[in-house]
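Two complexes follow with subunit A in common, the first pairing it with subunit B and the second with subunit C.
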Partner chain A sequence: MIRELLVYLSYPFVRYAFIAGILIALCSSLLGVILVLKRYSYIGDGLSHVAFGAMSVALVLDLVKEKMFIILPVTIITAVLLLRHGQNTKINGDARIAMLSVGSLALGYLFMNVFKVSSNVSADVCTTLFGSTSILTLTKGEVWLCSILSLLVVVLFILMYNRIFAVTFDETFAQATGTRTDIYNLVLAIVIAVIIVLSMNLVGSLLISALVIFPAVTAMQLFKSFRNVTIASALISVVCACCGLLVAVFRGTPVGSTIVVADLVVFVIFYIIGIVRSR
Partner chain B sequence: MLLDVNKLSFGYDRKEIVRNLSFTVGKGDYLCVIGENGAGKTTLIKVLLNLKKPYSGTIAFSDGLTQHEIGYLPQHTSVQKDFPATVREIVLSGCLGRLGKKFFYDEEDRKLAEESIRRMKIEDLADRCYNELSGGQQQRVLLARCLCATRKLIILDEPSTSLDYETTCEMYQLIGQLNREGIAIIMISHDLDKALDQAKHILLLENEESFFGTRDEYLENRRKARVIGND
Partner chain C sequence: MKKLILCLVILLMMAGCGKKEEPVAVDDGPKVTVTIDTTEPEKKPEEEKELIDISFMNGNMIYSEIYNMTVSPQEYNGKRIRVKGQFAIGEDPNGNRIFGCIVPDALGCCQQGLGFELSEARKYPEDYPSTGEEIIIEGDFTYTENEFMIMIVLKNAKMEDA
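Now for the complex of A and B:
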């Protein structure tokens, strides 16, 4: 089996998939801890649908190569608007995210259908939603972009760790001690948007939430300190991504859903251990 | 003098609720802020902490106190029920203002955190999860965090809400002890009797005519007002 794995790994696209997959899993799990605790679990879902909408517009405009230049800015702007504490808005937070999410999903699908971009629209849509094989078709440039951005996120997270904890735990207190929480929220929004767009390649836009939420919530079943939850979440996410990728490569299953199922299995295991332990 | 507030006007939703408020807080003072609901007590705190801009007037810090060196105990911490954080992690986060350009806490910050934990007598809870603690214990943790943030001034917003009678007494004792150790206290309180018990100064917020004076002046005023009211 190891020999077989080595054969697979000799293909560059498999290596790329592993590098990108592990890095994206790492970043999204770190961010996930913040998002889950800030009660923004669903923002990943909303943003990924916005990214899907933007992508279909890019496809309709025949900007396949330059699609990142449309998807990324649109997603970032949406993230910034969503995370800004709009006290004067008439529609509150969760409703806003939900409306944006389904709205852009519908628009994207509609665009792709009305302007028949390719002969097989439903297969295209399925691919973007579930990311069935796109991680195996990454180019070298995309892998570089993905690696650099993810490493940047990880480094940023480690350097800002203490501030992240303080702001997530008690924003008012952090603000009172002179921390510019508005800047943190802005950076957070931008980073989330970047991660979402990156992970669309991995799991597709429907399953991104899983990558963000599962590791953090799984870690919270067993660990009680912020540091341990963060570390555990990162480990769980990386291990699940590896297992999912391996199974997907050997069995030919869709990459995204295999990874998410691995996350789900680990969550159930941790949940049960948590119940047993608290007895 | 730590804090000199001069002709401050503030409010919310573009409505001015307090006008021309002036008061001072000196080293080791104990000021109780009282007033009806909606009189602007919490808004005053927000203005003092620079979380909200006043409409006019000035707040001057002196005697080595800066804006960011105020310990703050919020009324309701918006802490999520399932937030995973140990007592030690939370207390240490009080050193946030001392980070400056550093990325990580150093040995000195950690020592300060341990010392604050000792002062609040929560050593045995240090590795416990914050959410497993009782209301009184949680308040102690947040007070310890305040002690990391300041050596001079702590602002408390109704520290006794949602505490039972006994824990409330304990809480006031702790605050009194900190005050005797030389930390100035500004406290919002519903609990007039408890406030009058300990406070050295009283600030009564009433939009046009707020009262600021020592506790005895306040009691005298109230007695006079009662006499007039009885006539």
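Now for the complex of A and C:
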């Protein structure tokens, strides 16, 4: 099996998939802990659909190779608007996310159908939504972009760990003690958007929430402190991404759903261990 | 401070990945005189071509690599491709019959295809498989590009049953 894996790894597109897959899994798990604790679990879903809409526009404009330069700014702006407007609007948080999510999904699909850029619309939609092969079709430039953005996310997370911790658990208290919560929320919004866009390549836009939520919730079954949960979440996410990718490469299953199933299996195992331990 | 050091370590590790290996000085030992024949060897174009063999892979992987060929065809120029897929027949815009190899992905909703031109003369339909039958094609990568799509054709190709 190792010999076979080495043969597969001699192909650039397989190497790119593993590099990008591991980095994306690591970043999404770091973000997942914050989002789950802040009760923003579903923002990933909404933003991924916005990214899908932006990707449709990029495809319609025939900017396949440059699509990241359209998707990334649109998603970042949406994330900032979603988090900044807070509660002071007529439409509350979850309704706003739901409207954006469904609206973008519908618009994206409509664009791809009305302005047909390829003869195989269903294939384009299928790949983007479920990530059946997106991670296996990355260009060298996309892998570099993914690596640089992932590194930035990890460095930001390490440097701002204490502030993020404070803003995540009690934003009002953090504000009262002089922490500029608005700035940290802005940084958080940008980081969320970046990770969502990157994750689209790995699991597709419909399965992004799984990549963000599963590792964090799984880690919470056995660990209690923020630090331990974050470390365990990162490990679980990377291991599941690797297992999912290996199964997909060897067995020919869709990459995105295989990774999510690996996450689901690990969650069930941790959940059972958690119940047994608490007795 | 600890965090700053940790970030610097990560950056250094990243930089380390791209570091070129320096030549290491070693003891030369006894000197040996080597005569290099500078006359060019007889060219065998077919043997010189790099072979990209994806025929042993599953449908999903083959699908992805053919997709990569359509996105960056210039990277495959001058290479020989060996691929497994389903035999298909189609027509080019001028109404000429073209033979192809179709590869569906894991979900079955997406397909990638490439055409091929056999090096040996074969009669149609006697010497060809039926549509949908699994075949392995090996041929020289070429492509044509028009307003709508990039068409890959494997020239000087050999066809085998999968």
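Everything below uses one rule, namely that the second predicted complex is superposed on the first by the 278 of 279 C-alpha atoms of A that agree within 3 Å, B and C clash if a C-alpha of one lies under 4 Å from a C-alpha of the other, contacts with A are read in each partner's own complex, and residues count from 1 in each chain.
In this text, contacts are C-beta pairs under 8 Å (C-beta built on N, C-alpha and C of every residue); 3 or more make two chains touch, one makes a residue touch a chain.
Everything numeric in this text was worked out from a predicted model, so none of it was measured.
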Clash or fit (per the criteria above) of subunit B with subunit C on subunit A: fit
Which of subunit B and subunit C A:226 touches, first, second, both or neither: first
First (subunit B), second (subunit C), both or neither touched by A:171: first
Touched partner set for A:208, first subunit B, second subunit C, both or neither: neither
Contacts of A:198 with subunit B and subunit C, given as first, second, both or neither: neither
Which of subunit B and subunit C A:112 touches, first, second, both or neither: neither
Touched partner set for A:248, first subunit B, second subunit C, both or neither: second
Vertex subunit A angle, Cα centres of subunit C and subunit B, expressed to the nearest 10 degrees: 160
First, second, both or neither for A:159, with subunit B first and subunit C second: both
Smallest separation of CA atoms, subunit C relative to subunit B, angstrom: 6
Contact residues common to both interfaces of subunit A (with subunit B and with subunit C): 159, 161
Residue ranges of subunit A touching subunit C (in the complex, touch as defined): 8, 11, 13-14, 64-65, 118-120, 122-123, 126-127, 130, 132-133, 136-137, 139, 147, 151, 154-155, 158-159, 161, 248-255
Contacting residues of subunit C [partner subunit A, same complex]: 3-4, 6-7, 10-11, 14, 54, 57-61, 63-65, 67-68, 71-72, 105-107, 109-111, 148-149
Partner subunit A, residues of subunit B touching it in the complex: 49-51, 67-68, 70, 72, 74, 77-80, 82-86, 89-90, 92-94, 96-97, 99, 103-105, 127-129, 132, 145, 149
Subunit A residues within the subunit B interface of the complex: 37, 39, 159-163, 165-166, 169-179, 220, 223-229
